[in-house]
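Chain nomenclature is as follows: A, B, C and D, assigned in order of appearance, with residue numbering initiated at 1 for each chain independently.
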Amino acid sequence: MLLELRDIHVHYNKVAALKGVSIQVPSDGIVTMIGANGAGKSTTLRAISGLTPVTSGEIWFDGERIDTLPADKVVARGIAHVPEGRRIFPDLTVEENLRTGAFLRTQRAEVEGDLEDVFGRFPRLKERRRQWAKTMSGGEQQMVAIGRALMSKPRLLLLDEPSMGLAPVIIQEIVRIIEAIVKQGVPVVLVEQNAELALNVASYAYVLETGTVSLAGAADDLHENEHVKRAYLGV
Amino acid sequence: MTELILQTVVNAVYAASYMSLIAVGLVLIFGVMGVINFAHGELYMAGAYTVVALYSQVGVPFFVTVVAGLIFVGLLGLLMEQSFFKPLRDNPLGGLIASIGFLLILQTSAVLGFGVRMAHIRPPTQAKFELIEGVVLTHQRLFVIIAAIVLLSLLHLFLRKTKFGWAMRACAQDREAAALQGISLSQISRIAMFIGAGLAGVAGALTAPLVSPTPYMGHSVIVTAFIIIIVGGIGQLEGAVVAAVLYAFVHTFVTTFYDGVVADITGLLLMLLVLVIKPTGLFGTKERA
Amino acid sequence: MSEPVLQVKDLSRHFGGLIAVNQLNFAVMPGAIHGLIGPNGAGKTTTFNLISGFYAPTSGQVIYQGRDVSGMKTAKLAEIGLIRTFQGTTLFKEFTVIDNVRVGCHSSARSGFIGRVLGTDREVEVHATAKAEELLEFFSLESMRDELAANLAHGHQRALGMAVALAADPKIILLDEPFTGMNPEETTRMMQLVRDVRQRGITVMLVEHDMQAIMGLCDTITVMNFGSLLAEGTPQEVRNNPQVIEAYLGSADHAA
Amino acid sequence: MPRAKANIWSWLLGFCLLVGLLVLPQVLSYSQREIAVLLIINVLLVSSYRLMTLTGEWSLGHVVIMGVGAYASALFSKRLGIPVPISMLLGAASAGGVAAILSFPLFRMKGFYFLIGSFAAGEVIRLIWKYFTYPFGGPKGLKLIPGFPDIGSISFFEPEIYYYLCLFVVAVSLFVLYRIERSRIGLTFHAIHWQDKLAESVGVDTFRYRMLAFVLASFFAGLSGALYAHYIGTINPTRFDVEEMVFVLIWAIVGGTVTFYGPIIGVVVLTVMNEVILRSLGFDTARPMIYGGILIVSVLFLPDGLESLIPKVKGWFSGRVKKTGEVLEPEKSP
């Protein structure tokens, strides 16, 4: 396993947000977490990337324990996190946003190559590279956020609600991009409100309910699961 | 009359220069670290006393002492960051209050080291340009203007063209997202604190021969700086420069043609007006704090 | 047919260039449980904030009991019986449970300043405390009366939030995503609480992200998408509306 | 600890405190009595400041507001010839009135902006005193302010007698402040501090209550200013500058502001330390530095102030301390 969460507990003040979450992520494909608003999906991602301290439990990434590392050290290990709400830097240009993603990298030529790579993936960003990021549309901002994460040359990509607030046609585009990234060998942990979408693209899925994993299994199996159908797929 | 107006313009440009240096430093610290450095006026004072100590008393060449002022005050900034801003990172009010404590320490240190009386410093040069008949610009003031232009341009280039510059702006806009790019807030804070404090130190060192330092000179400086950063839109570097120019002209003209106290009141009312109309400052766009 | 207790007419709200709510119309009937739903970013929360006085509308009106209350401040709206709750567990966490509800009694526990200092407001306060205790009983929280609100379990905090709102004597109560983060049992319990609230003669309007959670609860459901009205009707009508299905599941079809 | 027993102890403690305060001037030297008078005035100042902070807003203009009370009371008695006790009340009312007017611009701001706004408003007031020689006396301020009138043969010029006057006025004021906090008004202030949006949603007009807290705090700050002015006999703009404000902040932070007694502990402990220990050591010029150090250290290591130590001390007296230590809860209404 590339990433493993063992019995993770997280508290905000005194209130428990995660009550023993265990998750495994293999080194290829998409693992998804679905669940209602506030079930603890985003908190799980924040715990992995070191933004939220864990109260107990262990997180292992490629044979190394990372749950005590601060966020900037977790990135250095190769985990890129596209946070909920995209969180691009509004008053940086598109290109500057992308370049902050490569903050830790020292090989100049490689970075320039990857920048062209990202522009190849998102031609619309290339046209707007000198524009302030805040002037971009929601879908373009999502592309900036994903592109920024790719600039760190990650070994694992965490995506938090990439479909949020986007029109169906844009979501389609984002999904294609995610699939292309996975195909090129970067595994993805996808957190989604839109369970139908998530279960369609992922190979393995976890259902989170009030801070615990209530169900886990192959995405196709969960798609046919009665509880999941009733609670999350609206069937 | 024309000469008087032109002379006042020259004076205002000079005032705008050192005020920008101070205010930009304060804005940089606030932007990156989210804390108001109440001791910023005392950092300016520390820069001035570096000149008193090294140039007046020991005889080190003036421009060497200016560089020494930058480094010494920059290090004071680092000391502040490490000793209380960093431990109080999640407590902006605590950081502000600790900086008030530091203000008292710096002020008392100056009193103990140099006495409460004004320190008169012989300017390194008495030379001056007569721009036109009756309008004078001393070299000493010209140094301040040039230093402000050069240093602020360098800062601008640093922020726009270098990796650490982008990182610093990224931290100012969204600390958490910046951390997710591998940017260490502690490292960036140290850089911001060094630069921010250093700029105040340079301003203090360069103006020392023109203002006769006292241990209490920081008070009016911090008031001025607050006015500028509020009018300029808190966290906005360009706004701070524009506001410094605006404020310097208003203040200098009111002082020259009316009265110094009235000029101070005008400045404060300007700031209150901005706060009432637009609590994020005239040039500000983002909701902060 | 009686008059609607709450109505929005051509309600719009712009943020800069963004149109968050666009020419929205709907009416809430007295005694109803009325749902407002829609996918993420549909403008539900903005609509909610427009009705409860957190924002002023760019154009259009909010009409409460036949009176135009557009842009009226939240506190003023509360005084005339339009009470909102908050997402998550927004409470006075540093207060005891009973004190939370006592703050809720603000409008009915009036007394002058001198009376407060001299203690002649005792009668008013005894009355307020009794009312608060009655509400705690209603929500089965009486055993936690003197606990700090922060120490309550999630579900109890939600119930306490409703108790605080009810203490303010609402005629209509607006619930902001009451089922967020709840497991199925908690959801069932909360649904019963909402029905109990209606039994007290209070009109309920709730905003939800999750279509499923409120299907069994509401009499009428208004569906929003991209800031506009998409559909309105009984749960059955909304459930079978092809446009609603498209809005919720459309992306999945493309993704498949 | 049984409740009845606790009550006996607190009554006993209160009684001892009262006797101690009444006897205090008799055991002090003349100059120490003068300090005791100022200390009592400062207790009122810092307690009124705490009332302001209950709604969550920290002002940097409180000492200037104290000055408004001092200037107004001095002017009413000196220029208009109004009897001093009445002009003291009018001075306090003026401070409240100024606060009421300032509420309109200042409460458009919150948090940090309020802090800066209150600072600017205070500076404007101070500069007005400085600029207008009539009636404020300009930078030199007001001199020869009438003292509190003699009653029969009792001369309030004596620090000892003025001490008792202040003790009485401050005790009554503290009682009123305490009652305000324990009433629904205090509950509402706290509610606004912790969750202003929730408070609004149940009908609390947060602006009105913030204004009420500001006006009440300013009234009592003004009263402390009036007590000061008629005792010292001379005031000037510098007496009410930001340095003085820093001291109020230090008292409040070092003492803590969660409890009613926190700031009082702060001002008493620091004043005693300042006057007894530092003065005897002769650190006169270095004193601000020591204060600055104390401020930083207490923000870093005692963020809840001296008051947070009280429950522990209580624990020692009651014999056993719970392993976890007692958690300090915010003041609650009965």
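One rule holds for everything that comes next: a residue touches a chain if its C-beta (ideal position, glycine included) is under 8 Å from a C-beta of that chain, and two chains touch if they have at least 3 such contacts.
Small disclaimer: the values here were computed from a predicted structure and weren't measured.
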item: Between B-D and A-C, the pair joined by more C-beta contacts; value: B-D
item: Distance between the centres, which are taken as Cα means, of subunit D and subunit A, whole angstrom; value: 52
item: Interchain centroid distance [CA atoms averaged], subunit B/subunit D, Å; value: 33
item: Whole-Å separation of chain centres (CA-atom averages), subunit B against subunit C; value: 49
item: Touching two or more other chains - residues of subunit B; value: none
item: Multi-partner residues of subunit C (at least 2 other chains); value: 93
item: Chain-level touch network, classified as line, ring, star, complete or other; value: ring
item: Chains that touch, pairwise; value: A-B, A-C, B-D, C-D
item: Contact set on subunit D toward subunit C in their complex; value: 176, 179-180, 183-185, 187-188, 190-191, 194-195, 197-206, 329-330, 332-333
item: Subunit A contact footprint on subunit B (complex, rising order); value: 163, 166-167, 169-170, 173-174, 176-185, 286
item: List of subunit D residues in touch with subunit B within their complex; value: 58, 105, 108-113, 115-117, 119-121, 123-124, 127-128, 130-131, 241-242, 246, 249-250, 253, 285-289, 291-296, 299-300, 303
item: Interface residues, subunit A side, partner subunit B - complex; value: 49-51, 70-72, 75-76, 80-81, 83, 87-92, 96, 99-101, 103-104, 148, 152
item: Subunit D contact footprint on subunit C (complex, rising order); value: 52, 54, 73-76, 78-79, 83-86, 90-96, 99, 102-104, 106-107, 109, 111, 113, 116-119, 121, 125, 128, 148, 164-165, 167-168
